[in-house]
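Letters A, B, C and D mark the chains in the order given here, with residues in each chain numbered from 1 onward.
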Amino acid sequence: MSEQKHQLKTKNPAGRLEAFSDGVLAIIVTIMVLELKAPHGTDWAAIKPLVPVLISYVMSFLFVGVYWGNHHHLLHTVKRLSAGIMLANLHLLFWLSLVPFATAWMGENHFAPLTVAVYAGLLCVCGLAYTILQKAIEACHRDDLRLKTVMERHSRKGIFSVIAYLSAIPLAYVEPYISVGIFFLVAIVWLVPERSFLMEED
Amino acid sequence: MSEQKHQLKTKNPAGRLEAFSDGVLAIIVTIMVLELKAPHGTDWAAIKPLVPVLISYVMSFLFVGVYWGNHHHLLHTVKRLSAGIMLANLHLLFWLSLVPFATAWMGENHFAPLTVAVYAGLLCVCGLAYTILQKAIEACHRDDLRLKTVMERHSRKGIFSVIAYLSAIPLAYVEPYISVGIFFLVAIVWLVPERSFLMEED
Amino acid sequence: MSEQKHQLKTKNPAGRLEAFSDGVLAIIVTIMVLELKAPHGTDWAAIKPLVPVLISYVMSFLFVGVYWGNHHHLLHTVKRLSAGIMLANLHLLFWLSLVPFATAWMGENHFAPLTVAVYAGLLCVCGLAYTILQKAIEACHRDDLRLKTVMERHSRKGIFSVIAYLSAIPLAYVEPYISVGIFFLVAIVWLVPERSFLMEED
Amino acid sequence: MSEQKHQLKTKNPAGRLEAFSDGVLAIIVTIMVLELKAPHGTDWAAIKPLVPVLISYVMSFLFVGVYWGNHHHLLHTVKRLSAGIMLANLHLLFWLSLVPFATAWMGENHFAPLTVAVYAGLLCVCGLAYTILQKAIEACHRDDLRLKTVMERHSRKGIFSVIAYLSAIPLAYVEPYISVGIFFLVAIVWLVPERSFLMEED
């Protein structure tokens, strides 16, 4: 009985943290689509000005989607919930909640340099906030080997992402679409290898 | 104990995937209602221009509702979660997230041919994305018979839907309301037989 | 083992139906607050035109809150999920999703007779949709006594509510605020006795 | 078996209450970001008018985040659900749902005295609603010691918060930024010690 109780208790200690985060992430993803305002014209020309808005939406959808996936894997490793984890999670959600704003600013202004640089900066800060959440979880689970492996794999990709995003800031002033290419590249790096890694594991 | 652990683990492997998808689908359904902007007039004439917006809302509500139902049944068959399933699910949610935009464009422009054709095209792509999600789940569950039965039943309806939606694209240029009729017909086909099938099973 | 499996299975058969409904109801409640647009003035006079909007918001918040509570109790009695229940639930959510529109129309137009009558009509239809959901659940659980007791209690209040809402339609043309009073009265009838009933039971 | 049944039943009696509250809180937090409207300019000057809006967003994000955290701990202590708890919870959510409005009003008007005073007043009322929820839970769990300890700790902080918010109302007419400082101070008081307390406990 006591072992079962333990199991039921530890099965999903982060359940409500996940539920709240899922809610916020789902809303972040979906309110971005509100920027795609229906035009009053009814030919292809009416849709044309929406193309940059749509591109920025696709990019941010991928970005938030990747975060949701990683967040999903990361919280699965949580066996004990600390206030530090809750704070770090709230901190991450705060920066992610600014993504719709940065996306809209960039999309509406057709990828003007400053808007792309601010977007790149925000993605950097989100990456940093994610790392802080990782560290908060590690601080609570020092003796967990599975967690360590996940963390190391994430850390390598994380360092790559931060370098990529940082380089996208000055490059936005050279040619914004190089930075946009970098954003898509990072998203793909996170999306694709994750596939092979998970296929092996499960 | 180990069997119970297994059971608890397999009981709902897709739990958070469902929660996130539910969140996104619930928001998609509900933000569409924001297009029904309250008119300033206070007689029936003030509401009249809202009728096409309302019709397109009903149609998309049914469409997303049917997807939610099918998604519900489909994910119930999931016993193992792969990165492929997560990606395919994200892909499906992306296309569904464009439904409010296509709905608003069509409703505000009183079912102009191009808007109806784009709407039909989007429904097609959603159907395709749903099929990809099915295939990703099948690839993970080759030995599951119950899944196979569900899949086959879905496949027949799926092929019918895609043909219907594809035919609605050119028909939108002949008479948009024929296409609208097709959209409702497909929704009803999905809604009604599902009922008898479930009644038997449970 | 098999009994436990049964229990785990029947513990929450409506889990995802509840989650989706919770999502939709939470969004319905919260998007209504978007109608409370922040005025640009910074004195009390600037807030004054918002008073009818606020009153209509309070009323609809209570109304949806009562529905959430009843829906909560009703779905707790569900032991088997049928397609009929899922359809009836979707049908109820559809009508409830129109509440923000009706609320905004009524609030912005300072309770003009037609807007109040339409609001009353919508509440009627929501009540009807709720009754249909009850019947769909009853059709699946003919042998459940606890359900029967809940249903009967609900039915009496339900009939009272429908009569009250129906009488509010013509009364809106006499004096809209009588109808508004009726809306509040019905909400209070649902909120208050529920309290004593639950206190006894648990 | 019966003990296990009991355990499964009492494990999360407030499950759906939490889910609904999470949904509403997640939406409240996220719709506030919609006030950060993307400017059409593409230089830093275009972003400058958004700074007070951003500050008020950060403040309200922290405020709602703290409420989510406390609500999380509080509902974990719930073993029996009464109608009183459900009503008190709905009442709390109502006042919290007005936070986006008060935030927008204050942010758009650059912390004009009345807007800051109204914001302070709203935070007071939210605190009061939270206390009512606490009392409703206590009334249902008179014999629970763990609950008592949590309650006492909360009560001390709660009294401090209410005094701080009340003093922020007149101070808004002296210098609004003193009140803003008080809002941040209270948020930090709730965020920080919570950390140490939880770290010890788990």
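One rule holds in what follows: a residue touches a chain if its C-beta (ideal position, glycine included) is under 8 Å from a C-beta of that chain, and two chains touch if they have at least 3 such contacts.
Quantities reported herein were computed from a predicted structural model and do not represent experimental measurements.
The chain with its Cα centroid farthest from the Cα centroid of chain D is B. Counting every residue number used by either copy at the chain A-chain B contact, under half are found in both chains. Computed centre separation for the pair chain B/chain D is 36 angstrom, with centres defined by C-alpha atoms.
Between chain B and chain C the centroid-to-centroid distance comes to 25 Å (mean Cα coordinates, whole Å). Annotation for chain C: residues 4, 8, 19, 23, 26-27, 31, 34 touch two or more other chains.
Across the complex, chain B meets chain C through its residues 3-4, 7, 11, 18-19, 22-23, 25-27, 29-31, 33-34, 36-40, 42-44, 58, 61, 65, 68-69, 72, 191, 194-199, 202.
The part of chain C that touches chain B in the complex is made up of residues 1, 4-5, 8, 16-17, 19-20, 23-24, 26-28, 31, 34-35, 80-84, 86-87, 90, 93-94, 97-98, 100-101, 104-105, 107-109, 112-115.
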